[in-house]
């Protein structure tokens, strides 16, 4: 039974609206002095963040995190030799951070990203935004905002391809 | 390399450093490693250079691991570099300068190591005056502890060679078109041996080795390496000249008459450096003997890539340490899933 | 009458003493009599009595009638198809660790190992502790080794006191105490005048001097052959000239003084050439090569493998082939075991810090069988090499001459056996083949007299 994957552009539009609504509820002005800083997780999360960053018209620069050195599945996946540099061109201390990723599954990537983020300083608030929530959390990490919740079969994975055009692909894992 | 005439088929020294998947679990020698392996280390070091430029220079890769610096030959510089590298990987570091204690009382290497077992180290960084000491330790004494060779006798100094390769790649790009000359006391140089092996594996176009005959015995006719006794011939048209340190002890045993004569024949002067290719660079693994291996004008001149390599050195060691820790963990967990 | 298989099974005793026995259908090898073929050997009253080959009969009483040939009171009457029967071997220079280094081995352990390896005589080197430079030490050694499994030790005395190369030892007293000869082992006598005088003095007492030629200066600091392996591994090397410079000097002094000389454990092709040239000029010197040097070369050291740390060092394949040629041509008349047992700790260190030497008795025949397989040497060459010590040391041994006391080996050249720590009798387990399955073994020795 094939599941139809949603259109990425539709998801991005929906995310933008939900993030703005969330910020408004929290009383955070996206254009003001204390505007939130957006940080995308390499690689898919950076693509999503870039799109959001642009569509929301944020004036602060976009931050990127490569969490390869923070993973806890070291022995399964191994060290990836080409690690991109993380760039956080702003202070994290006491700031509101919008942390963006493409897919959240076990939650370990987000855990690693949080660890790395906290190496830079203590944010006052971290909002987790993801395109797709697969709802197979192994850690107590829930996105605050997600584009869509999907349920996959055990050997299925969903992948965001890009950077342009951005599209979702369903893949089978071979065992 | 399987010795053609070898009957005993004993594991060669470099095979000891690989786990059953062919991944590094010790770093004892460059010899016998694949090109892909060396390139991977260089690429990984690149990432760590970037980490070193962040405000937060730490990553948690070796958190909870204990790294013990076992220096039987003292060296503040190298040891400090390893210490910083380990700490940037979030490891706990213990420094043991054994040269000043136990072995002077005649305790054997074996017993010294047995007494260290209680420290439950995850990694030893070893510098020893005997060739083959880190190999002996990795193979016979503590197989589950990752061993990094920080220099053993005349045999190998693999992390230094990787640092030199990193520097060369940084300034000159790929190795395939490079002519590299290594000048100095080749016979007693562990750095030279490792450099020559690394350059061969990385596919350098031409490797030349320059030294007086007393410091370059004829048996060292490594295949694919051009040996010569004349500096001008050796550096002519070279893209990289690596000057090796000359130790004072070489003036004994009639190997060399004086540092003066050495400088006249083998010192890199301004004039000689003009024989290099137009973009040619001069490297020296340090510490420098100005006026012996290299003239000050060259050491401080535009071709010199000698100074200011500390951050590369730390990154290379971080790359080596993370790679072998990964190899050890994969082996101990019975392989990757 | 015992059966062959029962004997072999029972046997912890490597030497069987018999007075009357018959060994049939066995390949008999005695180079001293140019014998190499299948035949039957009879022992009567403890002496070799008769050897019957396919086209000749040696010994026996020609007038004895056929009845005697059908005697049925043989203690042993064995059919040894496929086996080899040869004289018991003579070891020219064993590094016997007793007295002084008993953790490496004792007379009991090492002579048992020698007996199991087919030796009837073992000459010992003088670098014991205390050094064998006085009659007291010689007597001590002879006493302690007495009657071990029917083996005789033949001690070499120290040429200079303490082997220090300064004062000559009391050679006459040493000879009276039972020395077979004298040697300064591997310690070079650096003052050449002292060396010459020592040789003159030894010559007046008609003593054999055994040389282990090595220049201390040229070899200093080295632990492996100075060649490609040393260069690659960064180990300090010992060039061939460390052997040949000393050897040339020693040969010239031997010619000058007329002393009886034997050159032991040469390691290089250049040394073979020097000795050959000297022999051709009429100099009456003998030489031997250590068994490991016929089989291995320095490429074995590849993994910093301390089992192959030997002194003199293993050299290149070219040298190995030159040494084999030297054995075949007779320039090197003897093969010595080069047996040097060590305790485990002696090899458990970085290469240059380990002690040189290999415990060889258990694996000698395996190497021989491999060399025979490779057509490098014949069994006859091997036996000649292992028995030539009799000629060098002037012993009435190492042969199967009719009328001589029976002293021979029965060897199974095809036997497969596991050489583990238990089965290796020597206390020193420092051998690269330990734990491996080997081919060829001495089944037992036969003696007519204790």
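Letters A, B and C name the chains as they come in the text, with residue numbers starting at 1 for each one.
Everything that follows uses one rule, which is that a residue touches a chain if its C-beta (ideal position, glycine included) is under 8 Å from a C-beta of that chain, and two chains touch if they have at least 3 such contacts.
Keep in mind the model is a prediction, meaning the values are calculated, not measured.
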Quiz item: Among the chains, which one keeps its Cα centre farthest from the Cα centre of subunit B?
Solution: C
Quiz prompt | Leader among chain pairs (count of C-beta contacts) | solution = B-C
Self-check item: Chain whose Cα centroid lies nearest the overall Cα centroid
Solution: B
Quiz item: Per the centroid of Cα atoms for each chain, what is the distance between subunit A and subunit C, given in Å?
Solution: 78
Quiz item: How big is the gap, in whole Å, between where the Cα atoms of subunit A centre and where those of subunit B centre?
Solution: 41
Quiz item: Roughly how far is subunit B from subunit C, going centre to centre by Cα mean, in whole Å?
Solution: 45
Quiz item: So in the complex, which bits of subunit C are touching subunit B?
Solution: 226-228, 230-237, 295-297, 299-300, 302-305, 307-308, 317, 345, 348-353, 432-433
Quiz prompt | Residues of subunit B that touch subunit C when the two form their complex | solution = 1, 3-8, 10-13, 15-16, 31, 108-110, 128, 130-133, 135-136, 139-140, 152-156, 187, 190, 193, 217, 219-220, 222
Practice problem: Would you tell me which residues of subunit A are touching subunit B in their complex? | Solution: 68-70, 74-76, 78-79, 81-86, 115, 119-120
Exercise. Going by the contact rule at the top, pick out the subunit B residues touching subunit A in the complex.
Key: 40, 43-44, 46-47, 50-51, 53-56, 58-61, 322-323, 326, 329-330, 333, 336-337
